[in-house]
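Letters A, B, C and D name the chains as they come in the text, with residue numbers starting at 1 for each one.
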Amino acid sequence: MINKIVASVEAALADIQDGSTVMIGGFGGAGQPTELIDGLIAHGARNLTVVNNNAGNGETGLAALLGAGQVRKIICSFPRQADSQIFDGLYRAGKLELELVPQGNLAERIRAAGAGIGAFFSPTGYGTDLAKGKEIREINGRMYVLEMPIHADVALVKAETGDRWGNLVYRKAARNFGPIMASAAKVTIASVHSVVELGALDPEVVVTPGIFVQRVVKVPRSASGAAPLKKEAA
Amino acid sequence: MNNWNRDQMAARVARDIPEGAYVNLGIGLPTLVANHLPKDREIFLHSENGILGMGPAPATGEEDFDLINAGKQPVTLLPGGAYFHHADSFGMMRGGHLDICVLGAFQVSVAGDLANWHTGAVDAIPAVGGAMDLAIGAKKTYVMMEHLTKRGESKIVNACTYPLTGIACVSRIYSDLAVIDITPQGLQVVDIIDGLSLAELQKISGVSLKQKH
Amino acid sequence: MINKIVASVEAALADIQDGSTVMIGGFGGAGQPTELIDGLIAHGARNLTVVNNNAGNGETGLAALLGAGQVRKIICSFPRQADSQIFDGLYRAGKLELELVPQGNLAERIRAAGAGIGAFFSPTGYGTDLAKGKEIREINGRMYVLEMPIHADVALVKAETGDRWGNLVYRKAARNFGPIMASAAKVTIASVHSVVELGALDPEVVVTPGIFVQRVVKVPRSASGAAPLKKEAA
Amino acid sequence: MNNWNRDQMAARVARDIPEGAYVNLGIGLPTLVANHLPKDREIFLHSENGILGMGPAPATGEEDFDLINAGKQPVTLLPGGAYFHHADSFGMMRGGHLDICVLGAFQVSVAGDLANWHTGAVDAIPAVGGAMDLAIGAKKTYVMMEHLTKRGESKIVNACTYPLTGIACVSRIYSDLAVIDITPQGLQVVDIIDGLSLAELQKISGVSLKQKH
């Protein structure tokens, strides 16, 4: 019997290697797998490349992972925020490499990795500094930039409900990068607030089929779930 | 002469959004447009983080941390709205399915080039977010901005000096002084505040302007 | 008030032009919008380019559209079947142009059109006759073929349930090409078996958001719905 | 010597599919493998038309026209299965998420080239379906076929004469005579029917074969 449910965050993350590329879901706080990030800090893997839309807020979650000095490079679209002081400090000190990617290209490059696309031409960023050095091409009268897939060793995503085959559904706009990151990593680890029996998820509404998920770990909702906005979500 | 204030600018933009339009409102000033959309029109708001049919801010105490907009402020979903993942959300944008996108700007050139993501300052930490996708994705990209910088320089320029967000992508500018179309025949003034002449506007702007007919 | 529900198939199809590219959903019989195809035959638009996985089965549906002489070219992956006699005859007589596309490239090319991708490198078909004349490239040690998006003027798709904003959900494997075709056409016309009030569709389970749908028309289930397999579904 | 029959071939393939594998079974002979999957293993069947967790054929009278497999035959869905659209389904395949794909073939070359979609006959109407995606998408592509054509020619060849489906994509052949691995060191015989020697198999096959150790 296949059972992808893992007993603890620690067990779910145990085999993450130094030097890994780790995708982390979330858009700001929504969909950020806080418990898995905390687990990665406790785990201590270093020299990581992190893929996330942002570069951490406040002093917790991704910001804390950066602060712990475990990250060598971050690939993201929107690092600078009012409360991105940990990223800012590391970046200014030259301790953190930044690959800045327009958000839609970031999403599409992740999706391309999951879908086996070798590269694609995107109109986004043409003529801008973020396309510098990239191949360009005119197609049917419009200019495009060649963009490469972003693959990962590990994806950490936050979902709402999962089952033992790894099927996932999300909650509201916390879905964001979860489904595409799950498809782009060799090992996808999902935190869920609820584990249900096989067949309890309607096959019409499964967002991430279990083929993309290797481990599922249940975490309490209180720590990261929907709630009145917290300070760090600003 | 009285410059339009932020709410007047937002109302002016809102007036031009037709019923049934699919619209993305950028972070900052454009967000205000949502407050001025005519109540008798059904207009569909898209948020880059995977929402279509976005509604107004929730009542205090009703905020849901999983339902936020691109600016990470709590929002609601209208009946008939839908959620989807990030690749689908930006596919929607890049694929030309949005009718209108309203963005803020540092500079807009007479050719419709947009600079709104980076001042280019050497020590600035860059952050682009969805700006470049939004700039080139919608059928029409509107810019909503103060006409002048705090130092009194025109933000409408012959060529952007700030790093570009997109090329030839802006079709209309809503400023606190005027509404200006960017056309292959140059800039055409659609609307102007009371007490300001076209000649005066052109002088302030430092670019060639014509009255739209 | 926006209301995309149209009273009749005839009204929904009225403005289709001669020479249009028309995507038609379905994989064999599942998801084939039979009533819309019949409507297109009654409408009489000619010189069409049709995009479908197949090229018609038996004497009804897409086969009948071909038989009526309305189609100039078909883009599909699997035209030859035991009961594709109408296509076979027209093709052999040189009356119908065929663009044969591997099924995954067909799906991805349609998806690319909907998502604003200018072109993409696919590993599928490399080194085969179906890649002849196409640009190839080695990326990270693997060979790829450059594939172009397929845009359409009109998409005809069959869904299960819709609302007045054009939101759609599908039924089981009848989903197939529907969602991507809806995204790739200037005008998408969906047949549904049920029209529900706005808000009745759970926003978590909407498969095709209304932004991709211009017209929705209700058709009775009996004519095309799930049922014991019919002869033409073989 | 007794050739393996179709069910024996299917059982032989099924035996090699481990628990937890994500598998696509091609149209025709490979479809039989589903009937022989060990009942004590959970194996996930993918169907190109947007199904994961495909179950067996339904009872007569229970067929659902909206739930068919790639061969357009009625199937069922297991608890825990899911539906998705065609781009997602082929992304799953092309992205290397399937562990095993089992396909029929006209010819397989010693380099693992596969020809299974077209005889190349001048008057034949071509049809490719998902064959080319399946050939190159899975982590391992297995071919299941009669060893010889009806005219007694080996279907394992030094170079395919039929139009190719994919290049260097086949890793193992299950025929009615043998199980053969395609390796960088050449063809290696894993299993062979009773009463047939390696030398005899090589003579029949017309290609160089070694015993796998």
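Basically, a contact is a pair of C-beta atoms (placed from the backbone, for glycine too) under 8 Å apart; a residue touches a chain by one contact, two chains touch by 3 or more.
Everything numeric in this text was worked out from a predicted model, so none of it was measured.
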**Request:** Provide the labels of all chains in contact with subunit A and in contact with subunit D.
**Result:** C
**Complete:** Note: of the two pairs B-C and C-D, more contacts are counted for C-D
**Request:** Averaging only over C-alpha atoms, locate the centres of subunit B and subunit C and give their separation in whole Å.
**Result:** 35
**Request:** Starting from the mean Cα coordinates of subunit C and subunit D, work out the distance between those two points in Å.
**Result:** 28
**Asked** Approximately how many whole Å separate the CA-defined centres of subunit B and subunit D?
**Response** 54
**Prompt:** CA centre of subunit A versus CA centre of subunit C: separation in Å?
**Reply:** 33
**Message:** Where in subunit D do residues touch at least two different other chains?
**Reply:** 77, 83-84, 87, 90-91, 93-94, 137
**Item:** Shared-contact residues (touching 2 or more other chains) in subunit A
**Value:** 108, 111, 115-117, 122-123, 170-172, 203-204
**Item:** Full enumeration of touching chain pairs
**Value:** A-B, A-C, A-D, B-C, C-D
**Asked** Can you list the subunit D residues touching subunit C in their complex?
**Response** 47-51, 61, 63-68, 72, 74, 77, 83-87, 89-91, 93-94, 118, 123-133, 136-137, 163-167
**Asked** Of all residues in subunit C, which touch subunit A in the complex?
**Response** 108, 112, 115-123, 137, 139-140, 142, 144, 148, 169-172, 202-205
**Prompt:** Which part of subunit B faces subunit C closely enough to touch in the complex?
**Reply:** 19-20, 22, 42, 44, 46, 52-53, 77, 79-84, 87, 90-98, 137
**Asked** Within the complex, which stretch of subunit C touches subunit B?
**Response** 1-2, 111, 113-117, 163-165, 167, 183, 198-199, 201, 203-204, 206, 209-212
**Fill in**
subunit A contacts subunit B in the complex at 27-31, 53, 77-81, 84, 87-88, 91-92, 98, 100-105, 107-108, 110-111, 122-130, 143, 170-180, 207, 225-230, 233-234
